[in-house]
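Input: structures, listed below.
Each of the next two complexes has chain A plus one other chain: chain B in the first, chain C in the second.
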Partner chain A sequence: MIHATYRHITISSLDGEALAKLSSDMKLSLSREDMLAVQAYFAKANREPTDVELEVIAQTWSEHCKHRIFGAQIEHTTESGTEIVDGLFKTYIKAITEKIMEQKPGFVLSAFHDNAGFIDLDDDLAICLKAETHNHPSAIEPYAGANTGLGGVIRDILGAGKGAKPVASLDVFCFGSPDTRQEDIKADDVIHPLGVMRGVVRGVRDYGNRMGIPTVSGAIQFDPAYIYNPLVFCGTAGVIPRGDIDKAMEAGLKIIAVGGRTGRDGLHGATFSSASLTTDSHEEDQQAVQIGNPIEEKKVSDFILDARARGLIVFITDCGAGGFSSAAGEMLSETGGQIYLERAPLKEPGLVSWEIFLSESQERMVLAVREESMYELRELARIYETELTDLGESDGSGILKVSHNGEMVCELDCAGLHEAPRRSMASTHKPTRTAAIEVPCDPAADLAKVLGDFAIVSREPIIREYDHEVQGNTFLKPLAGAAADAPQDAAVMRVDDSEKLFSMAVSILPEWGKYDPFAMGQACVDECVRQLILSGANPERIAILDNFCMGNPDDRNELGALVETVKGMAEVALEYQAPFVSGKDSFYNYFETADGPVSIPVTLLVSGFGVVEEAAHITGSSLRGSDSVLLLLGTTENALGGSVFARKRGVSGQPVPQTDAKANFALYRRYYEAVCAGLVLSAHDIGEGGIAVAAAEMGFTGKHGIHLDLPDDGLPLSAHLFSESTGRLLVEVDAEKAAAAISHFDDFPCLQLGAASEAHRSLRITRAGESIIDEDLSQLKSLWKNGLSGYY
Partner chain B sequence: MRLEAEVIGKFETAGDCAKLLYAPPQGKLRYRRTRHYEIEFEGSEESAREFIDLVLVDHVSHEVHIGSSSPALSGFTFHLDYGMKPTALDHEKETILRYHSELENPGFTFSSLKITTRLYVFDDDGKATADAFVQDIVNPAVHVWSVQRAAS
Partner chain C sequence: MQDTPHALLLKFPGTNADVETARALETAGFTTETLPIPVVTPGMVEHAQLVVIAGGFSYGDYIMAGRVAQLEIQRRLGDSLHRFVGNGGYALGICNGFQILTRLGLLPEGSLVDNTSGRFGCRWVGLNNNAPKNAFLRDLPEHFEFPVAHAEGRFVAPPGAAQRYVEEGLVALTYTQDINGSECAIAGLQDSSGRVFGLMPHPERFLFREHHYDPDWNGDPQWGWGYHFFHSIYLQIAGLRGIDASLGMGVPV
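Our next item is the complex of A and B:
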């Protein structure tokens, strides 16, 4: 018989410095304070810990798993003074959601305590969404990192409730520019951004396509700051019968594992993702890169959905960061229980105890089931060709016990395990001084530059890699219009056995955050909600997720930018009554180059989903009529800060658009009423690139020309064309209904801006009768359409 | 015992190396890719050859060279061989080994299986070096690799 392979680690006699060194040597990523707390715990237990116990605590207390920075007490100093933030999550995310849940009972069915958050779809079904990052692994090995990033979030959906069905995915990436010169990469062994992009896109493709889950939504941002630390966000939506959302552990259940075997791939993933990258990361951290097998996960998915339908699952969670340790730890946190490591099926012999328990090998799920269900579950496993293992049981002890061939290798009080020391941090934010000036522009030339910028160009070469129609429920695709290549503001999915549909959208604006993080926080929520409403979602039935990535949280200024972003985000979410139902964060996205550390800007992704009551409310973003009228809803500010135009032109010191959340949401509600009344033919979000780009994109169907006549209202031309002010929509209405539509928006900023035309195929923009832009739409389209073709 | 096999696509033609690299290479370089299998086994060599021929080769689109350690293509300047590290999960290897383990009486057993992609680079001047290819194609986090120049 093989004996357990573990060891006891002496910590009782170590001082703080020695404890910190031990943490570093064992790659635990635990701070000196954490290690002192661990020492105190085991002093009370009157023994030394095992290596398994230290690894379990390291994983449980890791930033990735415990979100300690969002739970920290932060002393935040701005020009207005110093305030104490009693936890970013508690104050600005959970509190917002709780307020909204009081005001909107019955809409949010579950938030923050399961693997994904659920909202009400109809009387029988609920939908959920989860988004996660897989940044550090994707920097090391882009294909495998992105591949398993999507695999992991799909498992979150399978582990939500008693097993939700994954129905659609999204992905958002941040890369260095694909045309980055090699000499501009100031470190060895950093994968070129083009290689990262290719690897990441293919990795996501090969997981989602092979599992038969459509990838329908996404975004890409390019910035030199992401050369060393690319960001990979993957999200998945799921559907579940409402009765299968709630789950609770009990004593006396069998703990079973299903899916892939356990190996050495992915060890230390949770603690690796909580540390910064260096040039040595490629070699040293290779073990932290998991390898994915989507076919295996498809088999697991089929098994789980069938088992759930048969009522065989009491509790389920996925094996993600921390492997069995986090799954069993989470599952047994209230009841306690016993896990037998020798029962875990292994990919290779010779794994020691902590390797088995902490391995992040993919495609594994852990379930709690009744003993009497085991026969039927084994039969299902045989049918779906997935491996099922009886791993242990829950008892009422409150202790997590892990044994290996008869020897106890881990025995931890579940309550103590989850009580990581609270961090105290300090942050500073000093706003950038700005002054709006009239920035001159060469309209046609600047439009060409903006359309050809990596921020704006068509993502079609990448979108076409993803199957966005598998399962047959994609109602509004990422690219639509007459030529099926015009970008839509959001995707809309049908749901089997429901009359309702739902839409999914994303917003990410890191350029704004460099100058005004508060405004960025506001704008991301605003843009996401706006896009959902434009795709037909009911404004009263929208929920959002927050995903943060940043560089060094121990830098006061960087942390200050994070605090401001969170505040801005929370303000608008509350006004829009859009609750947060899930979220994640990723820190230490900075790279130690020879010239010093390079941090990413604070990057917020707001993703959202909303209920579409009827298919008739879905209008799309492409021009439909040959003589229809175009309305501009909302107000344009002279605020070019953060815009693609300003970045392209090297214009700095400009104010970033501020969001009047009350006014914007009132307008969106009124817009939705117009949709319900049948007044809208199509509508497009005015976002990056401003009105000029929005109009061009609407005209890329190629069927009609567009003429816009800008008002001569004193606003600079550059602002009219390229400002990215929030709260604006470009709406197409039938000429015969134009008067009714304009009347409908009587108390709102509404301007009859222009019209479609059958007489030409150009984008013509005038102001006070003077021609500003007169460009053939097909030529503009070719600038836009081929921007990424040479790279992907 | 040991066998090498190289599988070549019949319908593939040489591609432009610019598609593989992040910066355009000096000169007009072309490439072809093959799959190289190195098998150590015990048992019948005939059975091993038969297994390779039936399982690793699609006779419509592939041709295979079994038994020779010489590169299957000629006229190249160098070839770069890269494959998954022994500790990394290689799906193709896992699938082959799992398939073999489920056969009744295969006639041989695997002692080891190494799979690499062999990238041949053709440069009419014969001067091209592998540095850029190693940098842009190989990932030291998960790959092992070697470079062999053509005998001059």
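Our next item is the complex of A and C:
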């Protein structure tokens, strides 16, 4: 006899309080208002819900899946008054992208509605990029959390269009400092940052390397606030034939699952990640963390790419948060259809209905295919040694029907299901008062400290653990230069069957946002786009992604910082004509410690990709010539707020650099013309650590010395050397072409700052002839190169 | 005019370097067929000219690198790979392929185990060409570079064996620096016929000049050394060499 695998739950008689308690007891993460809406839905249907239905609604309406805060109406108050933001996403992300799409027809081929957004590469191919966070799982179980974080975003790419090919990955982490003292961790069961870092890196390594997708781009930031809530961003880029981007569901298709089996791992992941972490999370929520099996996903990937090439896929989506529920829900949201849970292959017997339907077991994809393709698909599954299951079919009913052993366990009107109540929120932003002073500096000593800061030191020990060359298309590698170990601003990937290449870069500056979130939003877009152009991408063919993480959105000030960040980001994106093609957000990254709640600073990751028109445009960041000239493009200001130097010096109250987007972008376009004209040998963005660090890093290739002569223009020395003003590039040009290059930048801020020298191997910086820094480059390099090796 | 040489590329679940290996083979002149192991028959192997096992993590390599793939080959194909080689066929194993060919006993006895660092390492390495007449190495100079990317690349052999392989001329490639603790710095081995070749480094990742990490690399204006690696064996199989190059110890030609 088969035991009941589901139950009806009486909600019609409950009041608001009891409904909220039910939500909490079932770990649904639904608010009182949400529960009242659910009650109304079932009152209309004149019946009580099943547990499966409640779980499906909780998952569908979870912050993780619906982004309800980015959709909320926000009353935002600043010194200049109160305004109503009619949805952050709608106002500042979608509207801007649509505007850019109008101005640049044919560039963005798909944005927001699919797993990842696509842009035009050439006449035949399109490329896409998607980044996700896996923060909560990585806090509790770093290896598995990061492992499945990368596995999940790879599946996003496999489920983008009719199945894109994953070709490159990026990873960005925010951790507590690796040298955090144990007694400074004010909560039980929190894993030390070193353990988190090692686990996370190995998790990414073992998934990416086994899948054979090069991990080519990344960054790490360290801050005590990330001790309790580490952030793990994983992103993957994909390539697809243009004709396979559009997909549409229809009635009468087979719904099939391919890949791994379904088990109890990853229950409640979507709702778990939509709530804050506590010490209890480390004990209770283990089941929310999935278990990764990269080889299973590799087999699925081989299957999908072959099936897509044969034209066998009508629709495809990944099983991510919410498992079959979200995958089938997404697929059947318009057509409706029937899913038979008893057909799902299980890892273990005894799963009840909602567990099968909601489990987030990894490595599963759901496809809609024609009946007549089934034979060929089964044959492909045999060849690639993966499991294919006929789960059900789409019909024209508009109703999502889920049965289990002949009993209907879920029957929801697809249209009604996706209407979550809209949230109303309030936020406040009060700017931090700043006044620029002349911060003193001890140039050589400060340079050594800044170069050894965790935010700047070489990530080499980590980069070497990632296979960043598999697929044989990594033309500009994360570490390059004459000794193959100098930092580069972006990675450039060749693309099979195309003359075009693409560049990938990231920017994340959480320290800035603590003082000026608007400036952080601006700078992240600026730096990412600048790095892409600098490495050779065409400025007119760049697209970006936004990934936000924050603490408690119900705190007015924290939400206010988010609003300001979004505004700054949007302003620069619009000016740079860089559309957002995808984005994601993660809230409730706060933790109740023994000393009270600790929130992460509002953190924005901007990752981007841009088309590099020909391999000759690829530009590295390592010095090449022996007598070449170094040009400084852009303007340096005395704005040390948020800088690594200010942090090292313990200086506060300094203004954070503002971004003049119009001026910057005009300069970048001009720079790109110089690249196309063959005037540029190498170029490095001036970012964290300022000009001093940028020049040192260019010299880390080990070939020649560098001499810079700073102008005596009244700017304090500390700002000259260490300001992180945006919009600046350090560009190396051949001595013979220097005059042509300088006249090329005639109407732009361009200064002949220095030159390479064969005579020495030092970084020599003078101001008006007076020696400021004269340090052996190999010694500086060893500070920078070994900064992390003691910890990893 | 002979037929274009044909390469058979075997693919296992977890093989992940098949696309770029096929790209390299085709760029060098081969026609290439990538076959997942369930569709491969002994007949296909026996009629090939070059059998290639590409890099990756066959079946996850959880037990020991190449072990499950070895058992699968033996189960599905019996001794057809040995017969193929015995009948004059060429076999190439790159990275995981090297590990699998070693497990199959097609290369000198030994194992590829965890690097002494205990870590995966992705980097470019200097290599010494110790068998310049080997069919795969004919067009390569005395010293050159390829990238490596492995966690299990340390070659170990029964006591004294590695030194004996050196003396017998089987150690076709050695690292110029110790990167993983390999005995005698072994990076690549050939069998006594010279027709079976296995190496940890990835020639397919240095097909084009642009693959090199240094834009000022002082080499071929178009091709990387990986191209010449695949082109060498192409010329050999296409019969364009004119002379027999078997074990090939000696001075570079």
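By our rule, the second predicted complex is superposed on the first by the 789 of 792 C-alpha atoms of A that agree within 3 Å, B and C clash if a C-alpha of one lies under 4 Å from a C-alpha of the other, contacts with A are read in each partner's own complex, and residues count from 1 in each chain.
Definition applied: a contact is a pair of C-beta atoms (placed from the backbone, for glycine too) under 8 Å apart; a residue touches a chain by one contact, two chains touch by 3 or more.
Not measured: the values here are computed from a predicted model.
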Touched partner set for A:E330, first chain B, second chain C, both or neither: neither
Which superposed partner A:A482 touches (first chain B, second chain C, both, neither): second
Touched chain A residues, chain B compared with chain C: C
Contacts of A:I291 with chain B and chain C, given as first, second, both or neither: first
Chain B versus chain C as contact partner of A:D34, first or second or both or neither: neither
Chain B versus chain C as contact partner of A:D446, first or second or both or neither: neither
On chain A, the residue positions that both chain B and chain C contact, one per complex: 293
For the chain A and chain C complex, residues of the former touching the latter: 205, 209-212, 293-295, 298-299, 302, 382-385, 463-475, 477, 479-482, 484, 494, 496, 615, 618, 620, 624, 682
Interfacial residue positions of chain B with respect to chain A in the complex: 22-23, 85, 87-89, 91, 136, 139-142
Partner chain A, residues of chain C touching it in the complex: 11, 13-14, 16-17, 19-20, 23-24, 36, 38-39, 55-57, 59-60, 119-124, 147, 149, 202, 204-205, 207-208, 210-211, 213-216
Contacting residues of chain A [partner chain B, same complex]: 140-141, 144, 181-182, 189, 191-192, 194-195, 263-265, 282-283, 285-287, 289, 291, 293, 347
